[in-house]
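Below, each structure is written out as structure tokens.
Here subunit A shows up in two complexes: once beside subunit B, once beside subunit C.
And then the complex of A and B:
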């Protein structure tokens, strides 16, 4: 089999409410391989698409715990084992003084894990994506809301899916070249 | 525009009113008995309990002003709960009066025989003397009462009239009002709390009080909102998203409390100077250290870990359960900060319990009464959306 003729069909909506309604109808119709594109996060869309990806919060949690433990361990090791100094007669293992840095390293590693984990799970950076072949898709960064039903879906049929999308009364439907 | 919705007389919150008054009256009677039996314990217990309930009302005033400035659906949804709490301030001003009879019992600087032998207290008399203390208290209450009264009056005017100028007026008053709250509460915390140990000082003390008050306000509002979710049409307002918002605030202020508390501790611990460290030494022995440890768990570690979960924050019953734990922790925090000034060993007198329940009963009675006075939702708040 050669390359599929299409990446998918892209429907354009002018507001998030219509997009959410369209996603619900598409799911009811049985479509699964689809994604939505909005200028800003719309939580209802993620719910309607049944995106249940909990991997990123877990990565951030693990990053935070690792950062906190590493920050504390670093201070413990430097001030009690590697280079012990008597500071005003305080114990070498002065935990209250270690807390601010432990907090900072917790946040630091959690934040870095969030960014890197997000990029890894997104598959970014992606030098080429077929969606950008659709000229109107650039409006997804402005004021339009898009639903793309992808050709890999089991129910996908160029004519049938096109009619289905048109019944949702979008502003436009365009074919996305692969 | 939202339709006016009154608290239903058969709602569980309304039915709470009478038992609250009974508890309050019984508690007041117990307090009177306690005053006769043990005058010293009475005033110490009363001060902690009073500052706990005053903290909820003042925290609500602060959050009310914050939401007038920031806007947002979370603020519009709980605005009437916050306003009702601020309308208990006249009652709280009245409840301050008993304390004025016990200044000599509570504060070393108010006992002339103690001041006579203490050069430091003699220097501090310029600020710490009874007439000036009372005048300052009058001033604080005057500021809080005026701000609360204006915000409540304009809010009622907004119900009758959708003139957008009213919202702008409330917003502008809130800007100045928050500054005034910051200043008055800093001095009030110094007067009523810090001066229990008149030799000791900490510049972040007032901020710890304010952070705690705002946290108290959020947990209180969360519990009341959770009680109101079955009250139509509030079920369309106190949605999972609203509890999520309030839960995030609660998580933020739990962390802020830990930040303030550690800031004070770390600086005093690091300096280890004889003027400052006795405050902590006193609270690290005689049983107080166990209460301090419990505070660390109940006021920070436990709510922090539990509130990281999104699902906990979005469900009314789970977030209210966490809020209830933090409310108890708020009282224990004040108890741990204030009570060791007069007690070397950790102990809870029956008057401590009677005071917090007695004042609380009367306060809850007043709060629910105020809540029933007006529509549970502001009528012309542009931020308010009811989900059907």
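And then the complex of A and C:
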């Protein structure tokens, strides 16, 4: 690492097929600290990068259970303990009447967990990221596909990695300032 | 710009395509984002926003007068205590439902034709729910105390009555509004990043940049994003059914003839989807012409929406038949009287108009030639919207105006202030919709990219 002041090297491709092939070759060459950037979700890229994150469904499940229990508990406690109203001797714990709101709070808290969980796991909002320094990176939200091998990778060497990326026949390779 | 499109995808579908051939990632991005990023808007946009804004001022006048005088300015009185406020509330909530149906249920069913209409259908949901939410609050009499509806520890030592469908409604509609807003915003994040990267002005880059929250299309992010989006869709799908079910409980849990019916929840949900698809067509047909988006909102979309309208219209017709059948089969004199009063009573014109609008008119959609005739489709969609409003009018007014005791019978009609408020909410809806079109992409850009033939990863790697 001659210049540790580099975030990584960014290769640009024009279609998803080339990007997937490049990711496979980079994995074969031993690179691990890398990420791909695409203008729409490409399942094959995530597979090639071995991205397996199963935490979000669990977060949403927990959110739903908490929401449902809290909604029911609120109704149970207010209707039977804190503010019991006797209406013609009807039961205070009238559970069928509590189901609609329990359902709504389950959905509400689960949905909030899904959104906040996704943002938190993705580290968003990210006001600053080195990749935004790369001039061509703006095309990642338009029609280009990028592979970035990061300087933190054990195998990263500015010259060596540059030569490796150029062999993948990208449209361009650029350095990313941190 | 990118190379011309390579047509390597599978053989084209037998029906009209969901995206016109020849598009590339770049052309999809350009065409959709140019509506937002262009300096000038078409004359029709100004006309639409102008009409909408004019009607918003009508709403402001009507609401100001209401706040000064109280609900006495409306036509509601004993025995019809639920007038326009509930009619329009149910109508607007119902319209919103197609947005969630298109974005959530069709996503789960893997229907790729939803892609070009889901964004503005979701926006339509949000704005329709905003209009709907106004009515119960305005109807409270003391709208500044609306927060009493929510359970919070207060000095009065009281809690809401959780056994009341009206409180269920508060939870259902506020949950629906929140989840719809989150679903819509999450869907927007990648497109906001596109706008951030393409906006020519600094203000645009800063504002879209903040809203995009630093989205950069990382494969790891996309992986969690898609999981979150699918989970939200799976949560929104039962939610949309529950919301109109709870709205129908406002009626069905009572003992009023014509309301106390088990058919109400499914019949209301079908009616909501029916009117919602009608509204999507009413909006999509002019918008695709106004902004030249016929490549993305194709005849295939219009045809499919017409089919959904026909199917849900038949469910609604079945609901009307069941109401009539139960009135006879129950042998309950009050139920029988209620239906005879609908057929031949003072509001029979409204009843037969709704049968014409909701049952007879949609039968034209059986014909392929009608579904391919855009102006006719537009007219049918407006007729259905009117019909669904009349349906709620008939349900609310005919059941209340002659209940059990003839001594308490009465007549109801909306006053000028009822109509002004209704016109005002239409204006609010139009204004929000036209502002949305101006500032946010009305079609999901990143999802449209997945429909481009190049988007598929080919098996043989170079």
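In the analysis below, the second predicted complex is superposed on the first by the 170 of 178 C-alpha atoms of A that agree within 3 Å, B and C clash if a C-alpha of one lies under 4 Å from a C-alpha of the other, contacts with A are read in each partner's own complex, and residues count from 1 in each chain.
Methods note: a contact is a pair of C-beta atoms (placed from the backbone, for glycine too) under 8 Å apart; a residue touches a chain by one contact, two chains touch by 3 or more.
Just so it is clear, the structure is predicted and the values come from calculations on it, not from any experiment.
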item	value
Partner, of subunit C and subunit B, that touches more residues belonging to subunit A	C
Touching partner for A:108 - first (subunit B), second (subunit C), both, neither	second
Which of subunit B and subunit C A:159 touches, first, second, both or neither	neither
Partner chain in contact with A:88 - subunit B first, subunit C second, else both or neither	first
Touching partner for A:97 - first (subunit B), second (subunit C), both, neither	both
Partner chain(s) touched by A:141 [first = subunit B, second = subunit C, both, neither]	second
Set intersection of subunit A contacts, subunit C complex versus subunit B complex	57, 97, 100
Parts of subunit B lying in touch with subunit A, wherever the complex brings them together	262, 265-266, 269-270, 272, 308, 310
Residues of subunit A that touch subunit B when the two form their complex	57, 61, 88, 90, 96-97, 99-100
Subunit A partner contacts - residues on subunit C that touch it in the complex	1-3, 24-26, 29, 151, 157-163, 165, 167-168, 171-172, 175, 178-179, 182-183, 185-186, 190, 193-194, 196-198, 210, 213-228, 231-232, 235-236, 238-239, 242, 246, 249, 446-447, 449-450, 454-458, 461-462
Subunit A residues within the subunit C interface of the complex	14-18, 20-21, 24, 35-42, 44-46, 49, 51, 53, 56-57, 60, 64, 74-75, 78-79, 82-83, 85, 94, 97-98, 100-101, 103-105, 107-108, 110-112, 114-115, 117-119, 121-122, 124-129, 131-132, 137-143, 169
